[in-house]
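Below are structures written as structure tokens.
Next, two complexes with chain A in common: one pairs it with chain B, the other with chain C.
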Partner chain A sequence: MSRNRRLKLQVFRVVVFLVFGAFFLIPIGAMFEFSTRGNGDAPRTLVAWQTIFQTPDLVAAILASLALAVITSLGMLLLLVPTMIWVRLRLPSLSRIVEFLCLLPLTIPGIVLVAGLAPEYRWLSINVSESILTLAFVYLVLVLPYTYRTLHTGLAAIDVKTLSEAARSLGAGWATVMGRIIVPNMWSALLNASLLSVAVVLGEFTIANLLNYVNLQVSIFLVGKANGAVSIAVAVASLMFAFLLLVILSFFGRPRARVARLEEA
Partner chain B sequence: MTTAIAAAGVGTATRGGVEVRLESLQRRYAGVTALDGLNLTMAPGELVALLGPSGCGKTTALRLVAGLEQADGGRVVVGGEDVTGQPTNKRDVGMVFQAYSLFPHMTAWQNVAFGLQMRKVSPGQRRKRAGEMLELVGLSGFADRFAHQLSGGQQQRVALARALAIQPKVLLLDEPLSALDAKVRARLRDEIRRVQLEVGITTLFVTHDQEEALAIADRVGVMHSGRIEQLGPPTSIYSRPATPFVAEFVGLTNRLPGVVRRGSVEVRGASIPLVQPDAADGPAVALVRPEAVTIASDGAAATGPLVGTVIATAFLGATSRVTVDLGDVTVLAQLPTSEATAYPAGTRVRLALRPDPVLIARDEAKAERA
Partner chain C sequence: MTVATKPLVETARRPLRGGRRFSLDWLGAVPFLAYVGLFLLLPTAIVVGGAFVGPKGLTLSNLTAMNKSYIIGAFVHSVVLSAASAIIGAVLGAVLAYAVATGNPKGVLRRLVTSACGVLAQFGGVTLAFAFLATIGLAGFITLWLQQRGINIYANSFWLAELSGLVLVYTYFQIPLMVLVFLPALDGIRPQWREATESLGGGTWHYWRYVAGPLLAPAFLGGTLLLFANAFSAYATAAALISQGSIIASLLIANTLTSEVGLAQPGLASALALVMVVIVAVVMVLYTQLQRRTSKWLQ
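Showing the complex of A and B:
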């Protein structure tokens, strides 16, 4: 590549970085500015941010959403990872069907999902639990399209068949093949899928609201009716949380960041 | 298995080879027959190469021995034990794959130690045995490297060490050299043979590369349409092919139309004896090896069915392959390079066919006439 072309590419990169940085940071900056704005001519204040922790309903909603994010992510990994590995290795003819089923929720509007799920949740709240954590069932369905693609890409990046056959020939059972051989080699995809699950769950409003549960987004909406600055502060905090997760992901997702846990005795 | 390894002692290279029998193995895929009653008996410590074109069933045979696929019929007997129904992880086989198969998140020694860990060998013995195996393949200095820090040849050597570390009853090599460049391939081929002889393990080697099979194996089985067409030492496979398929697949062959008469075939005025002297009279295609064709330089003024023009000479090192155009057919002649240099492209030459017994093909003769 010529020096001139390299320079042009570098300039293009910087411009793209700046434009997209501005696209993301200006609204967040504006939100932060709004959430710290004093009344009238009063100086800047962090009252709205402090109020978050003094609003028990809001704190409960944040904790519930975080718990939902964790449960959904774990549930998704437990359901999808073994299924996808098994389909890839033993039932490749089913891969299209699994893909179709996983992508299906993307085509169904939230309101339609709620219409279908409302009777189930009525039954759940009467017979099992009224806990907001039962939303994890529907969230598990909701995150499937995003996480399927990520895991699919992760699996495609490694030679699952050869690695598993090599491990089997060395005496490993299927559980060992998955836990010790396949999963450690798709760590980055697992983290990506988990992050997407967390992002979807933390940003979900429609289903929780229509099923009368108060999660983070519903709580922001309710608080916003009474105090706009606090609701914006929570929104900024949740965005920053997602950003933090991304940073953690990029740190752990680096190649060779994970080393085998085989004993070093 | 743990007991077996412990009993054999970590310091020893092997437990010794066992007999491996493939009895009437059948395998079909969606109506296509991959293996059609394959029979093969491997003596303890023997290296048998299955050689054949793509789709002949050689890899299927190996995968059935490994237990990676299930046979539709027949038996796999390893060391007197019928293992046909056993899952792969219980079969006690070591395998080296065509694709690089080292676990990417483990170092070389961790890869080698993995199978021992599965067999619950103590950590100390694992480390010792893995070290010995890496030394056996000449990679003791690379123990802490990951797969991406090793060359292709080194990865396959670690894979070989990994397969041997568990002291399997049989070693299966599924085209382990095909992803490597020619020089590394030749070196690693010799390395595999050295290690196999040192360990004394019964080994099944699958390849589509005839040179590889002939160079490494005690016996070569040439496969065609799910069956072994001929099984024998490399020299007999090459010099006494049993069928036209073997003759054409192993080594280069000139296909010269001729006529069979009383146990010999007349080809362009020359009479050559047949491998099967009882062949019926009639048109046929004689399969003549390039080394059975010699060249005389007195073709300039002459005419005749074996007079033609040199159109190319391929330098192969000690020998060269000369391509001669006889008008209706081109013929390959393999000569010492010193001799071949006398016939540059454009030279008129007269060919002579050495009267070595040849095989004939019948169906192709009819097709060519048609």
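Showing the complex of A and C:
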């Protein structure tokens, strides 16, 4: 590369990062600014941030969303990991179908899904439970596309077949094979998948709102109608939390194949 | 050693007739299939079926009821909004992705940008609407700052809550999504190709026009389609930004589904949802085809 072109490229990169950085950071900075405004000409204040914890509805919604995130992550791991391992070992003919089903939620918008879920949740709330935690059932479906890719990459990186045959020939049952042989070999993929699920669940609004459950995002929306500063404080806090999760995630060695996977999808 | 060809003891053989040996392996996939069936396939079937069911049994009236100007208008608005935000997002996202791809592949900057894109592409919704309200809303700090200097950006109308405002707000999650899908394609471009172009006497223009451009075109088009589908199915941001009326399809579906005055029309809502899912599905199939082509070239 000639020196002239390298210089041009560097200038281009600096300009691009500055312009995009401004576009993406100014709205987030504006949220901080807005949430610390005093009334009228009053000086900057953290009242809005303190009010978060004095608003019982908001605290309840935050706790509900965190509980949903945990339940969804665990449920997803319990459902998806054994299925994917089993399909890989014993039912390779089913792998295309499982992949298709896992990626399908990308094609069915939440607003469409909710139209079909309404009767199901009416039944659930009458016969099983009215708790907001029942939302975890559908959230598990929503996170499938993201977690499938991560888990698929994690499984592809280890020789599942050899490991399981070795364990089986030494007398291990299937539960031992999965729990003590394969899972410990792909823990970073499991962690990645869980963190992605948490991020998706904490950001979900459409389904909760239309099924009349108050999760974190719905609560931010409702509080925002009465007290903009407080809801913006919560919104920016949850945004930072999700960002933190994904930064943590980026440090857990993403296998190289991940890039190729993204293309496939 | 001909003995080995014929075993001394006849072991149990596969029955000659009756097909394959019965296997219980498939039982392992039942929990997953049942779960996805209950919470993904059944709701979808309810929507599709609901579009053809009226109060008096099977009917096409839900579909014909869509021939109203406000419904067609909402879908047209959705298409315009999705196309505009997809094209703007794809172009700007490709520029940003290029700036990222030309840097250190293991650097902190790249890690930060991809993490930020991961959050911003996902975390739209209410937060995003509020971020823009805090920036250029009626009491947003840029609005106030400009007002002090005698500029009123809302002299004509509060366009942030109109279609043009939605295009601006949507680019905020479209650009990061484009970065995420386009970056792998850019990573597939090898510096040797540029060197080869130069050794054959080609300049920057030739390189982009005849080498990198055609190679990246399917990935770029695919990304644009994904962005289109993404914007078309988005609901939360618009719902938080626009309190009155249903100017786009997703808002219309929501309002038809849960009308506050008790005029909910589940049949019509299903029909609208069916149209939306068909449009998104067609776009996603095209996207998958283009992605397949991309991964064939760039590996």
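Structural remarks
Just so we're on the same page, the second predicted complex is superposed on the first by the 216 of 265 C-alpha atoms of A that agree within 3 Å, B and C clash if a C-alpha of one lies under 4 Å from a C-alpha of the other, contacts with A are read in each partner's own complex, and residues count from 1 in each chain.
Operating definition for what follows: a contact is a pair of C-beta atoms (placed from the backbone, for glycine too) under 8 Å apart; a residue touches a chain by one contact, two chains touch by 3 or more.
Please read all numbers here as calculations on a predicted model, not as lab measurements.
By the document's definition of touching, neither partner reaches A:63: not chain B, not chain C.
Legend: residue contacts after superposition of the two complexes on their common chain; A:199 is shown touching chain C, with no touch to chain B. Judged by the touch definition given at the top, the superposed model places A:181 against chain B, while chain C stays out of reach. Touch criterion met: A:31 reaches chain C, while chain B stays clear of it. Once the two complexes are overlaid on the shared chain, A:17 sits against chain C while remaining clear of chain B. By the touch criterion stated above, A:172 is placed in contact with chain B alone, chain C being left untouched. In the superposition on chain A, contact is made by A:238 with chain C only, not with chain B. Touching more residues of chain A than its counterpart among chain B and chain C is C. In the superposed model, A:162 lies in contact with chain B only, and not with chain C. Shared interface residues of chain A (contacting chain B in one complex, chain C in the other): 259-260, 262-263, 265.
Considering their complex, residues 5, 9, 12-13, 16-17, 20, 23-24, 26-28, 30-31, 33-35, 79-80, 82-83, 86-87, 90-91, 94, 98, 101, 104-120, 137-138, 140-141, 144, 199-200, 203, 205-206, 209-210, 217, 220-221, 224, 228, 231-232, 235-236, 238-239, 242-243, 246-247, 249-251, 259-260, 262-265 of chain A touch chain C.
Only residues 1, 66, 68, 87-91, 93-95, 97, 99-101, 103-107, 110, 113-115, 117-119, 123-124, 127, 146, 148, 159, 162-163, 166, 172 of chain B touch chain A when the two sit together in their complex.
Those residues of chain A lying in contact with chain B across their complex are 158-159, 162-163, 165-173, 176, 181, 184-185, 256, 258-260, 262-263, 265.
Those residues of chain C whose C-beta lies close enough to touch chain A in the complex are 25-26, 28-29, 31-33, 35-36, 38-40, 42-47, 50, 92, 95-96, 98-99, 102-103, 109, 111-112, 114-116, 118-120, 122-128, 130-135, 139-142, 172, 175-176, 180-181, 184-185, 187, 204, 229, 232-236, 239-240, 250, 253-254, 257-258, 266, 269-270, 273, 276-277, 280-281, 284, 291-292, 294-295, 298-299.
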